[in-house]
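Take a look at the following structure, please.
Labels run A, B and C following the written order; every chain starts at residue 1.
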Amino acid sequence: MQTTKRFAITLAGILLAFAAAPLVIASVHFQHLLIMLLLYTTLSQAWNLIGGYAGQVSFGHAVFFGIGAYAAMAPLNQWGLTPWVGMAIGGVISVLVALMIGVPVFRLKGHYFAISTFAVAEVVKELFSSWKWVDGPIGLDAPILEQGFYNLMFYKTKLPYLYITLAFFLVVMVLTFRMERSRMGYYFRAIKQRPDAAQAMGVNISRYKQYAFVISALFTAICGSFYAMYILHIEPATVLSLDISMKIVLVTALGGAGSLWGPLLGAMVLIPLQEYSRIWLGGTGMGIDLIVLGLLIMLICIFEPKGIVGILHRLTRQKG
Amino acid sequence: MKRSLVLFFGLILLLGFSPAVHAADPIEIALLYPLTGPLADPGSRAKAACDVAAEIINGSYDLPGIPFAKTQGIPNKGGAKIVLKYYDTQGSPEVGKAETERLLQEGKAKLIIGAYQSSVTKPSSFVAERQKFPYLCAESSSAALTERGLKYFFRVAPTDYHDTVMFFQFLDDMKKEGKKVSKIAMVYEKTEFGFHANEEVKKAVAKSNGAYQIVADIPYEFKATDVNAEVLKVKAAQPDVVLHATQFSEMMLFAKAYESLGVKVPANLSFCGGYQNPVFAKELGKTVENYMGSCTFAEDFIAKKAQLKVLNDMFKAKVKSNLDGVAMEALTAVFVAADAFNRAKDLSPDAVRDALATTELQIATLPGKGVKFDESGQNIWIDSTMSQVVGGDYKVVWPAEWATAKTVWPMKP
Amino acid sequence: MDTTIFLQLIVSGLLIGFVFSLIAVGLTLIWGVMDILNFAHGDFLMLAMFSSFLMFANLGLDPLLSLPIVVALLFMVGLLTFRWVIRPVLGYPGLIALLATFGLSIFIRNLVLFFVGPNYRVINQSILAGKNFSILGLHFSLSQTMSAIGCVLITSAVYLLIARTKFGRSLRATSLDKDTALLMGINTNRVFALTFGLGAACVGFAGGMLSNFYPIFPEVGLNFAIMSFVIVALGGFGNISGAFLAGIFVGLVENVGGFLIGPEFKYTLVFVLYLIVISIRPKGLFGW
């Protein structure tokens, strides 16, 4: 584990790099890439808490994402409520949902848990799809309002969005770092390495898993609210879908689940990969970009199951 | 004397054929379509159709009723050729939006054409509007798209509003012929397309003052494993006609389910969607005999307009099946673009937009006079027709001036 | 509700349910023995359907006749997948294997898209196609009925294979305790490989039969895959009879429930029931 000082320096360096990058490369699309990268890093780190550290793999995180997205967008559309308040509402609802499903679902093992989380997400997706108040499957569009912090909408430049995602990233990284060094982190490591011993010592595993799940849900929802105000159009098929859940899982696992920097590394590889393979190869319509993506995912899994973090460890060890 | 004349004419010829001092740069159009993902099939058909249009515009073809066919390129812009650049939306609104932003960033296109699905066209056209860039929608049918008050958005295809009006006019005509038509069942997918079509139908039924009732309202999830429950619901309601707002793969499932579950509804009408794909009529043959649907193109049209055969053959060479209305709308959109480029005072976004707004393009590709946009951006010169599957082909049966066959009602068992 | 309609719903539910069952049996075998959730399962189904179609379109072979070839083909695919994709990741946390199969799924799907294009295909001239019959006012499609019967037969065959043969015993031993099985002289890697092949072969059969009446396109596997995951979890990990019964259950819920509550909710109903069942019996209806 890194020392606090090394962590702080690394983190500061990364933040600076991200903040300065748009000044070097002026392209709007590049900024979009950075924003998506940071957003998915945050989402994946949030997932990492429960899926990586606590070892409960969830395929339904889209449910929190979607709740956050709708909580920001729907009140804005219907009552003109600022999305920040919507974000808070979304966070609260997500936490409640996490508590509600956590209790019965944590008893389940491995794949059962994963499928259950997916089932929950699908049910919620269907509910939103049939709910008239949010226009069902058609989804919601952001009204054309004055841009600015209050409405969380910026038209002329994407930089404010970038700074917001940087802030999210900062918070979630610090949180994870602290968690690793806390009792909770210690217990999670114990559970992973020696589940029977941990249980014998009376560690109340489910309680800590519940904490992790709740925090995970909260951050995922916040990201969802942000996403709604960034993309400006949400519908059940995009914010409550298995695709989002799986993308989050993919980023984390690719980077290295259960590690501090895994999500960032995974996002740094996967997000540009998806974007650029689509840009270079997508227009042909033959799905080449996705073939490459699928192949790469398999290769990384086969050759370095610990993810990119594993690759880095190996490299640094070799350097001696 | 003769020699100097020959020399003189020779010089003239030389000057005429010498390369222009200002070579006309090609004009780029950006096209957004689902080239991968669940709707890759209609997306790739739209692409093929647009490619055909570009070939015709850039080359020289003798096709009466098709503007820009004879000339090469855009005449008023120095014969500049049209270049099509495709962007894959993967059928996703998020990707569509990102691709729109990206292509606008690249700054090379002079116009956007897209994006097939109403749910993708919506956010992507919002992006264009915010950046004051012209967006030409060929085929998305949700009426809401032109009800947003956008200034830079134009649409070629008829909307589900038009289709509904036509359906009910058709049903009224059937009533006059003595057919029993009053109970309507509607089956529609849970997407923007399906929901809007459903809303329009509900409005029309309400306006009919009891002449029609909806006896079954059946939304379904796009991407189903089977549709038995839906079809049995239709059966239970015993309607006189069933209306469908369905994409192709589900339409196949439905057609087979109707057959295997012994459901015999006198008539089956589809909104523009899966029904139009020629594979549907050809491959399912007997199963879909006498199905009907709105259509803006059928091979039948060629009987009335021979120049369309050339277009159809070029299209067939690319995708091995006939043109359908959706692909034809995309094709027409490219001509609309060419016409706008031709008339625009320059190729800046506002000039192109203004040229689009004043379009009065008479073109033989679609029913109706051609293309003219009203203040909301909707094409008001387009008509929809009703076609019916007869012996594996689509025959136009309504309205009378387009009909090549008489409507078969009820469907043959 | 009309009795005929109700019975018809049950019939339809059973017919599709039997197909679901076989697909789920393939999946549960793999899960039970190797603790791996094969994300590419639906895409294996799609491969089977396309193989059947391509042999039909290019060789004029009726899907019933090409069925054994399709099954053999998918068995090979299963073996190869195990050898190249699964075996390298066996020792690692389950997440990695999951992701490997997820990557495989994307890969296969788009590879097929690349080679055959996105168009929907259908086999409409075959021994089984287009024939329907009715018994006591209930309508049956010949191809669906034959598919259902075929799937039941194969499911029973697989069940017997696992319960009565030596191979079946070594499979069960390996799934109970891999290390002990190894000590007992069972070639666990071979068992794994054959199990994966068998699982794929099951799906191959289902796909081959489906191709008689179902539209065929690169994304067709997804919907079936999702249902099969729920069915497998419902039935209990590794449990063949559980998967069989759960498959029928889901088919019935989907049809009858869908009709009663509204077809747009038919899948939601399946998920809700799954969640209810799983909260009462955390290892599925018959899990151990």
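In the analysis below, contacts are C-beta pairs under 8 Å (C-beta built on N, C-alpha and C of every residue); 3 or more make two chains touch, one makes a residue touch a chain.
A quick note: this is a predicted structure, and the numbers were derived from the prediction, not measured.
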| item | value |
| --- | --- |
| Touch-based graph of the chains, sorted into line, ring, star, complete or other | complete |
| Interface with more contacting C-beta pairs, comparing A-B to B-C | B-C |
| Inter-chain centre distance, chain A versus chain C - centres from mean C-alpha coordinates, in Å | 31 |
| Approximate Å spacing (C-alpha centroids) for the pair chain B, chain C | 38 |
| Sites on chain C at which at least two other chains make contact | 110, 113, 264, 267 |
| Touching two or more other chains - residues of chain B | 36, 40, 43-44, 190, 221 |
| Residues within chain A bordering two or more other chains | 126, 129-130, 286-287, 290 |
| Of chain A, residues touching chain C in the complex | 51, 55, 57, 104-105, 107-112, 114-116, 118-120, 122-123, 126-127, 129-130, 242, 246, 249-250, 253-254, 257, 286-288, 290-291, 293-298, 301-303, 305-306 |
| In the complex, chain C residues that touch chain B | 1-2, 5, 8-9, 12-13, 16, 20, 110, 113, 117-122, 124, 130, 132, 134, 139-141, 144, 213-215, 217-220, 222-224, 227, 254-259, 262-264, 266-267 |
| In the complex with chain A, residue positions of chain C that touch it | 31, 35, 37, 84-85, 88-89, 92-100, 102-111, 113-114, 226, 229-230, 233, 237, 264-265, 267-268, 271-272, 274-275, 278-279, 282-284 |
| Residue numbers on chain B that touch chain A, as the complex places them | 33, 35-36, 40, 43-44, 47, 85-88, 90, 92-95, 97-98, 101-102, 105, 119, 122-123, 126, 130, 190-192, 194-196, 221 |
| Complex contacts: residues of chain A adjacent to chain B | 27-29, 32, 126, 129-130, 136-139, 141, 155, 231-233, 235, 237-238, 275, 278-279, 282-287, 290 |
